[in-house]
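As structure tokens, here come the structures.
You will see two complexes here that share subunit A, one where it goes with subunit B and one where it goes with subunit C.
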Partner chain A sequence: MLQRLQLDATEDTPIVDFDASTGLLSVIGRALPEDAHSFFSPIQIWVQDYVRSPAENTVIDLRIDYFNSAATRYIFNILLEFEKLTEDGKNVRVIWNFSKADEMIAAKGEELESMLDIQFEMRPF
Partner chain B sequence: MFGDARISYAFFGLLFGLCFPLIATLFDITVQGQDVSFANMLAAQQNQPLHWVIDSAPLFLGLFSFMAGRKQHEVVLINEGLESQVRQRTEQLSEQNEELRLIHGELQDGLDRISQSINYAQRIQDAIVSDLREMQSDFPESSIFFRPRDVVSGDFPWYLKHDGKHYFAAVDCTGHGVPGAFMSLIGYFLLNRIVKDQGITETGDILCQLHLAVVNLLNQRSDMQVHDGMDLALCRVDVEKREVQFSGACNPVYHVGREGLEVYKADVWSIGGVHYKKRCPYISQSFQYETGDVLVMFTDGITDQFDAQGKDKFGYAPIKKLVTDPQSGEVAAWSNVIGLEMQQWMGDHRQMDDMLLMAVKL
Partner chain C sequence: MGRARVRALFDFYRELERDRLSLIFNGEVTDEITDGIIRITDYNVNNMEELAKMRKRVSFILLECFQNLVRHGKPEKGIQEHPSALFATRLVDGSNYVSSINLIDVSEIDRLKEKLLQVNTLEKDKLKALYLEVLNNSDISSKGGAGLGLIEIARRTGRPLGFDFESHNDNLSNFYLSIKLTGNEDGTDGGAEESLRFTKEFDKTEKDSDILMMYKGDFGKDSIMPIIQIIEERIKADQESANKAFFLILVELLQNVSRHAIDSVQRDGIFSISQEQDGYIIAVGNVVDGLTKDELVQRIDNLNALDIDGLKQLYKQTLRDGSFSDKGGAGLGLIEIARKSREKLSYSFDAVDDDKFFFTFNVKF
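What follows is the complex of A and B.
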């Protein structure tokens, strides 16, 4: 079983908690790392391992208040990995949490939904 | 000799103690009406056994004083120990201080060298990135608000006059600072090459070509290592036909006309990097304009900037207000207006990204 991936938040990076046993993968916080590559690469590698032996149901719970343009690209690429699960007939769902006051994040979620073959659930708070 | 408290205390105790038998004996012979002489004193001592008790005073007082001196001596020793410890610590501290001073000096040197290097890089970026004087002379009532997060920037305004048409873009490269500046140079040269050398004129085609060129240049097709690229709003203005053609990679354009504000949305695909499976050609949108209309393009460094509390983002509303409110004044002054508003908005909060807003009065 893939080891649980847990990262604490910093000023520039979000909390990451990916649990392969339950299939609940959550990201909460801000994503504007100065070096986006070194932050996201281990996460991407974990996801690549995960999609090889995924849980029956995968829920990607995202609540990101800010991401810079580099982070946007890495997040998209990571989400792209999950499309393989859809192709394999597994259940994958992205929960896109966003503040009602933040139209940018809401729009970003809609854009991502249009760009990916993954089920999105928009959850304003 | 008197440096040691034990000896000096014992000595003075003894001396003080000697006063008692001396005074007692003198008192004795004076009372008896005898002359003061050594022989008489000796006799008084022999005749009065009480004097012997008094004679022991120097011994006891000396002894007690010695014991007090011993305590005093201990205190002195402790003090000396403490003083030497303090001296040692002080020495250690001053050594560490010196070490820190050296490290600080080295860091300062490094920082100075890096700053100088970046400042110099800024000169190059300023020189290369878009000759805005040409834009100012072709469109005198245009305005550019440009606030890099660091000295050099990943955002850049681009202007090119080619074949009777004018091309404008507000470009936001991934990253900021030095990596952003590298990308901005790539973007600048590719845009020039595509329009000037390759003769591509449709804005959608320019973006498609730009995407392919960035992917090609950074070898982004096979590995997933480099995700960099850019978001931009690109406009082509045909003054004769009074027509604007727009294409956007993530960033929109605002058309401010007599009837108010019209927002043209961009495609969702960024330039470069990401392997969008569903990627499709960029759409070219055309619209007519009248003299005096304004085109506004900007990067997300402005809209995404947090306020002083780090709670809310600047958003689109202040930009919409800027471009529609008559109180904003002449277009040429907009950069100052938005600059002041941004400063008030962000307060002490750090600037999170490069900021760029271009407003062109047609």
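What follows is the complex of A and C.
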């Protein structure tokens, strides 16, 4: 079993908690790293391993309140990895959490949804 | 109008060329602002060998100055909790210059002047004696501190404090304070006047262009985050325009500088935020090589030729492309900036030498 991936938040990176045993993968906070590669590469590698032996149901719970373009790129690419699960007939779903007042993050979620073959659930709070 | 601003940033850059750090802040001085300014100064001081001797003193002096401001300053508007000030901190040629301009009650001028003249004329031992005397004196003034702050600043800088007063209206006066802190403690290498002159001049130009903040220095991550903290706090004070897109574009613009920097160790640049009636202008400038210049011209011109749908298409296409540039952003950042800007992107290049150009980029929100 893939080891659980847990990262604490920093000033410019979010909390990450990916649990392969439950299929619950959550990202909460700001994603503004200047060096996006160092931050996201280990996450991407983890996800590549995960999609080879995934849980029956995968829930990607995202609650990111700020992100820069470099982070957007990595998040998009990581979500692309999960498309493979849909192709394999697994159940995968993104929960896109955003503040009701935050049109920008809502729009960003819709934009990503339109570009990916994954079920998105928009969840305003 | 826009053109005038473009020139100004390059002019400031040249005037501040020797500065390793210059940060000028104009607005209400809250705890978060204080904290951000101290963090960024500390970070730079800790990374400069020539300032090793004054590491401990810098944040102390800054904190004393801020407390002094809050103690004596008068808020410009009734609704403000903290006084407004123009505050500048500069690291140049191994010294730290701190200056501030804020409003005080006219009735305080005499008392302040007397205190400043006193600390400026006392020798080191006399200052210490005065310090102990005030410290032991239980008769603390209603303003708190009883002058301890100024005595402490004078003791730690070892040289006279620069100061001046200028009438604002019948009740209020502008109070100028300038401090020089240096590793060389004998006070033989000039005072704080030069920095006071710069700050005064900035105050005058700023009155026309409404600059909220200007920063010149390193654009690496450890410098950028405190700056973002300061701006976030500063903009929050102007409720109406508080806008998340603004921060994100700011982050893109600031991170863009270190991406295109000629020297990956010293990622030096300058930026300012000014307020206009209907929004903010962010101007960012840094030196790039000829190749980067050509690439930037082409990319920005391409973006300016697209409408909002065209930009959206290009954004999606670039995101889908998946090819990561070694610089990290792969053009996505610029597209994002163009999508959120209220006007077409404006830029200029000024030749610095044969293959170096000062790139100024203006974005309006």
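By definition in this document, the second predicted complex is superposed on the first by the 125 of 125 C-alpha atoms of A that agree within 3 Å, B and C clash if a C-alpha of one lies under 4 Å from a C-alpha of the other, contacts with A are read in each partner's own complex, and residues count from 1 in each chain.
As a working rule, a contact is a pair of C-beta atoms (placed from the backbone, for glycine too) under 8 Å apart; a residue touches a chain by one contact, two chains touch by 3 or more.
From a predicted model like this one, the values you see are computed outputs, not experimental measurements.
Of the two partner chains, neither subunit B nor subunit C is touched by A:S53. Legend: residue contacts after superposition of the two complexes on their common chain; A:S69 is shown touching both subunit B and subunit C.
When the two structures are aligned on the shared chain, A:M104 is found in touch with subunit B and with subunit C. Using the contact criterion defined above for the overlaid structures, shared-chain residue A:Q44 touches subunit B, although it does not reach subunit C. Contact with subunit B, but none with subunit C, is seen for A:E83 once the two complexes are overlaid on the shared chain.
On subunit A, the patch touched by subunit B and the patch touched by subunit C overlap at residues 32, 36-37, 66, 68-70, 72-73, 76-77, 80, 102, 104, 111, 114-115. Residue ranges of subunit B in contact with subunit A, taken from their complex: 172-175, 224-225, 227-229, 231, 250, 268-270, 273-278, 300, 303-304, 306, 312-313, 315-316, 352-353. Within the complex, the subunit A residues that touch subunit C are 11-12, 32-37, 66-70, 72-73, 76-77, 80, 102, 104-105, 111, 114-115. Subunit A makes touch with subunit B in their complex at residues 32, 36-37, 44, 66, 68-70, 72-74, 76-77, 80, 83, 101-104, 111, 114-115, 117.
Residues 220-221, 224-225, 244-245, 247-248, 251-252, 255, 258, 315-316, 319-320, 322, 324, 328-330, 332-333, 335-336 of subunit C are the ones touching subunit A in the complex.
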